[in-house]
C-alpha cells in the first residue's frame, strides 16, 4: 500500500482518500479475512468445496510469496514452484521415511526451502530481469529431473502418504500460513526493509550508490519467498497424500501464480491475494461448466492479463489515484504555504521523461 | 565404437534441435521476445504432416515421398500461423519487459496445446513412413535412412533461412530491425510487417522441423515444451542472433544428450541439458558466437 | 575565456544580488583531506582513460573538475565512488585507503553521488524516495521499523527547502526532469554525506533552475557538505568553486583557483583542441 | 522433458474431463435403485490404447449384467449397475482429482481402478483415505499392495512376475542365454518388473550386460539399442508400456539388434501394437495372465470362449488379458454385492476380501494384501503359415471428440518393411502345459527376414 498516511494538508482526490483509508485499516481487513475464514468449516464447509477454498489459500500464499521477489523487489522469478516442491518432498520424506510427526514435518518444510533458496540465490540473483527469469526456470526444471532420478525422493513414482490428519486440520494450517504471510508482508512493506526492496526494484544502481548492500536485501526477500512457498508446499504434500515430480513442481501452477499476482497488482499486498482468490474461483467455474476447457481459459486469461492489466487491479487503482492527485495539487505546484518567492513553475520538462499527463506549463 | 554411434545418433537428432533453435533465436534477436510457444509451433507442423499422410490414403501412402511432400505444406501453414500471431498478439508485447513476453507466450503455448488435445486427443501418433531396409551401415555405425533424410532436411531448412537473411532485401530488412528498429524505421522499413515476416519464418522452420520429427519419432500435443527448452539451451550456448552458433549448439546438445544416455543413463539427459542452461547463463551470457545475450544494463 | 555555454544568464547572475564572493568559511587544513587520490590510473584496453592523476578535496571546500568531453572526468568519479576499480594508484577517504572497497561500502562511509542522468526511484512516492535515503539504516533494529519521526521531519524540511513538499504523495516518475533533479539532490542531502560527488548538476535545466541549484549547493556546503563537482557550464564552475582541477585526455593539466585556471593558456588550448 | 509433464497435467488437482457416463439400460432402473461404480481410466495420452480395452470390458460386462436383470443383492433387492468413467489422460493427479470428486460430489461408493501403476498407486491412496473399496485390473506394481492399504484389490499378478515366465522359457531352450539386456521405463510398474527380472536373471546365472532406465517421455531408443547391440546380449527384456514396445520394435531393425528373444512386459500383445509395427512385431514375446483358449466357467458370459466371441462381435478385436481382467473387476463387485447382507463400502470390502469364484479371466481370489495370485503365460507373434489371421483386424482406439477416424496412421499392409508375408498370430508358447505352438527361439536375424 503506497498510500502513505502523511499529514497531508489540503484535499486529496476521492479515490486516493478511499485507498489510503483502506490501507490504514489494512490490519483490520486482514483480521476480518482470517476471522471469516476460520468460521467457514464450522459453518459446514467440507468435502469438495473445502478443497476449493484450500486451493484458494494455497494460490494466495504462492502469489504473495512470488510478489515479495517479483513485485516488490523487481526480480521476476519463473521458478518459485521449485521451493514448493522442496517443501512438499521434505514433509513427505519426514512423514514417510523418518516417521516424524505431522506438525514438525510441515514446519521443517519452510527452513529446508530457505536453505535451497540461499544456495540457488547466490548464483541466480546476480542476473536481472528476463535472464533471472530464465535461470530460475532452469533451476525448476533441474529440480524436476533430480527428484525423478534420486532414490530418496521415490523416483518417478514419488511418495505416497497414508496416515494424515483430517481435512479440517489442513484447512486451518493453510489459513494460518496465509494469515502469517499476509501479516508479515503488510508489516514489512511499511518498514525501511520494504522501502529498500522497492528501491532495488526501481533502480538498483541508485540504491547501491546510496550505500545499500543490495545483495543482502535481494537474498532476504528471496529466502522469505522460499520460506512461505516451502511451508505451503509441505502442507500440500501431506494434504494431497501423493508427491511426485510432476505435481510437486507443477509447471502450470508456476505460471498461474505469477498471473494471479499480476492480475491482482504486483507490488501490493492485497493484489496477489485478491488475484489468487479470483482466478482460482474462475478456473473452478470454467471447469465445472465446460470440463476440459479450463486450461484454454487459463491460457487466455494469462494473455489478457499481460496485455490489458500489466499493473493489475490494485496497481491500476493506485496509479489512477496518484494521477488524480497530481491534477489537484500538481496544477499549482507546491501550493503549500512555504512556496519560495520565485515564480515556481516545473522546470522545462524534457518531453520523453515527463509523463504526458504532467501539465506542462 | 559405441562412442561414434552415440555421437552419430546425437548429430542426427541435433540437426533438428538446431533448426528449431534457429527459429527461436531469430525471434529473440529480431522481435526481442522469448517465445515459449515455439515448441507448440513444431507440434502443429508435426500434425500437419501426420494428417496429410493419414488422409492421403494412409493405408497406401506408406512411402517416404508422400511424407516429404507434406513438408512444404507444413512450412506454409506455420508461416501463416506465425505471421498472424505476431500481428494480432505479439506486437503489443514486443517492447514490453522480457519477463512479460515469457508470460504471454506461455499463455499462447497453453492454448495451442489444449486446443490440440481437444481436437486430436493426447494419444501419441507416428507417421508410418519407412524404408524396406531402414539403415545403412558405415564403418559399423548404424544410420537409419529416415533419420538421415531428417538430418539433411533440417540442415537445408537452416541454410535456407540463413541464405534468405543474407541475400534477399527482406532478409537485410530483418537484420536491420534486429540491430536497431528505430533506425530501420527511419530508412523506410515497415518494422511491424518485417517483424511479422520474421515470426512467420521462425514458425515455418519450427513447423518444417516438426514434420521431420513426426516422421522419425512421434507427435503428440504435449511434445512442444521439450523442444522449446532445448532451443533455450542452444541459443544461450550458441549466442543470440547467430545462426552458425545455433547450428553448432544444436549438434553439440544432441551429442551431449546421446552421450549422457549412452554412458551415464538416459534418465540424466534432461537434468544435464537444463543444468547447462543455468550454468551457461551465469558463466557466459554472451554465448560462443553471437551478440551478448546479457541485457545492456546501464 | 569564452566558455562554450556562455549565456546572458551569466550577467543576471551577477547583478541579481546573489553574492558570488568565494565563501570565506575557514578551510582548516589540519589533518587529512576528506578525499585524496594518488597516481590514479584506469585503462580500457589500449585507451588510458585516467592517467596517474593526483588530486585532493579538503573539508568544506567546493572543488570543480572540468575538461573537454572524454577527458576521464566521469571515470575518475567512478573510481573514487567504487563503481569501478582503478588499475593503479589509490583512493583515500579521510586518510583511509578505500581503493578496493565495494561501491555500497564507500557510499555508506559518507560519499554521496549524483549522476549525470538523474537516478531516482520512479515507482515510489516522492516522500518515500526521501525516507528510503535516510542514513539511519545502519542498525538492524531500525531496518524492521517504520521510518522514525526525525527522518520524517528531516524529509519534510528538505522537501520544503527544494519546494517539492506539495508533491510528496506523487509517484516520483511522474515529475518533470527538473523536479526529479531537485529530488535527487534532496535525497542525497537526506543521507548526510560528508562528501558529495555531483556530475553536471546544471546540465539540461533552464537558467532559473540553475540559479536555484547553485543556491542549494551553497546552502549544503555551508551546512558542512564538501562538494566535488563536474560541470561544463563555465560560469557555474567559476562562480561556485574554491578550486578547480582540469583534465585532458586523462591527464591533470592544471589546478588552482578559478582565476588561475581562466588565465591558464594550457587550459584554453585543451578546450580549443590545440593541446 | 517427460511428455506426460505437459502443461495439461498441471491443473491436475482442479481439472477433470468427463467422457462417459453410462447408465444401465433395461427396466430395473425404474425405481432408481441402482448401484454406481465410478473411476478414472486413461482414455487419452500415452496409455490410451490399453485404457480403451478396460472401458470396453467394463461397458460390455455391465450391459450383460443389466440385460440379465441386474444384480440381486444380498439385501433382497435387485439393482441395476451404472458406471461413471472419466478420462484421466494417463495423468496420476488428474485421476486422483476424479476419484475425489466422484466420492464427494457424485456420492460413488465403489471404485473401478484406473490403468497403470503410476496412476493406480496414488488413486489407491484416495480409496483408502475415503474408505471406499477399489477393485483394479490395471495396476500391477507390488508397491500398491505393500502400503498396508486395506481398500485396494488387484486382479493382475504383481509386476515382478511379468518377465519371470519368459526368462524360464528361454532357460528351458536348447541354447539358453548367457547374457541379457534390460531396458526399463522410469515409471512405478516398469521399475518393479525390472526388479523382478534382475532377481530372476541373477538366480539363473545370466549376466546382465545392459541395465538401463529411460524417462517415460523418451521417444528415441536408438542409443540404448546401440548399447544392446554392442553388448551382444542374447535376450532383450523391455520393462515398459505399449508406447515404448512400439518404438523398440520399430527401431530394433534400424539399429540391427539381433537377439534370441525380445520381450516387452506390457503392450506387445495388443492388436494396435501389431498394426503400428507390422512385420517388425513378428517373433516378439509378451506375458499374459490369461489364456485366450482357456475353458473357465463365467456367470455372465458363460465361458472364456463366449467372452472372446462377445468382445469380438461387440468391438471387432480379439480380447487380451486387459479385457479379461476388466470384465473380472465388474464381476468381483457383482459377486460381492450378492454376498453382502446390506450394501455399504465396508461390508462390500469385507465380502471382496474372502471372495472365491471363477470368471472368463480365471479363478478370482485375493491374498491378504489384496492382490491375486496368478502366474503369467508367454505369447509370441508368429508369422502365420495358415489359419485365422489375428494381427490385421483394424483396431478402434482413442475416442476423438471430433469423431473423425483417428486411429494411429497405420502404415498399411506390413508397415514399412518390405513384403508383408502372411499375417502373424499371437500364440501361447509357454508353459508347455497350455502351449499352442513351440516358441520360435532364437528369433531370426533381421537379415533373414
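Side notes on the structure shown:
The first chain written gets the first letter, and so on, giving A, B, C and D; residue counts start at 1 in each chain.
Here is the rule we use: contacts are C-beta pairs under 8 Å (C-beta built on N, C-alpha and C of every residue); 3 or more make two chains touch, one makes a residue touch a chain.
Predicted, not measured: the structure shown is a model, and the values here were computed from it.
Between chain A and chain D, the least number of touch steps comes to 1. For the pairs A-C and A-B, the larger set of C-beta contacts lies at A-C.
Centroids of chain A and chain C (each the mean of its C-alpha atoms) stand 39 Å apart.
For this pair, chain B with chain C, the centres built from the Cα atoms lie 52 Å apart.
Distance between chain centres (mean CA atoms), chain C to chain D: 79 Å. Averaged C-alpha coordinates give centres for chain A and chain B that are 34 Å from one another. Counting partners per residue, chain A has 141, 148, 205, 251-252, 292, 295, 298 as the residues that reach two or more other chains. Touching two or more other chains at once are residues 109-110, 113-114, 118, 225, 229, 267, 270 of chain B.
Residue positions of chain D with contacts to 2 or more other chains are 1-2, 4-5, 7-8, 186, 215. By the document's touch criterion, interfaces exist between A-B, A-C, A-D, B-D.
On the side of chain B, the complex with chain A involves touching residues 34, 89, 92-93, 96-104, 106-111, 113-115, 118, 225, 229, 232, 236, 267-268, 270-271, 274-275, 277-278, 281-282, 285, 293-295, 297-298. Put simply, chain C touches chain A in their complex at residues 81, 83, 102-105, 107-108, 112-113, 115, 119-125, 127-128, 131-137, 142-147, 160, 163-171, 173-181, 187, 191, 204-206, 208-209, 212. The residues of chain B lying in touch with chain D in their complex are 1-2, 5-6, 9, 13, 50, 53-54, 58-62, 109-110, 113-114, 117-135, 137, 142, 144, 146-147, 217-218, 220-223, 225-226, 229, 258, 261-262, 265-267, 269-270.
By the touch criterion stated above, chain A contacts chain B in their complex at residues 76, 78, 123-124, 126-131, 133-135, 137-139, 141-142, 145-146, 148-149, 205, 251-252, 255, 258-259, 262, 292-293, 295-296, 298-303, 305-307, 310.
By the touch criterion stated above, chain A contacts chain C in their complex at residues 2-4, 6, 8, 12, 16, 188, 190-193, 195-196, 198-199, 201-203, 205-214, 267, 319, 322-323, 325-326, 329-330, 333-336, 338-340, 342, 344, 346-350, 353-355, 357-358, 360.
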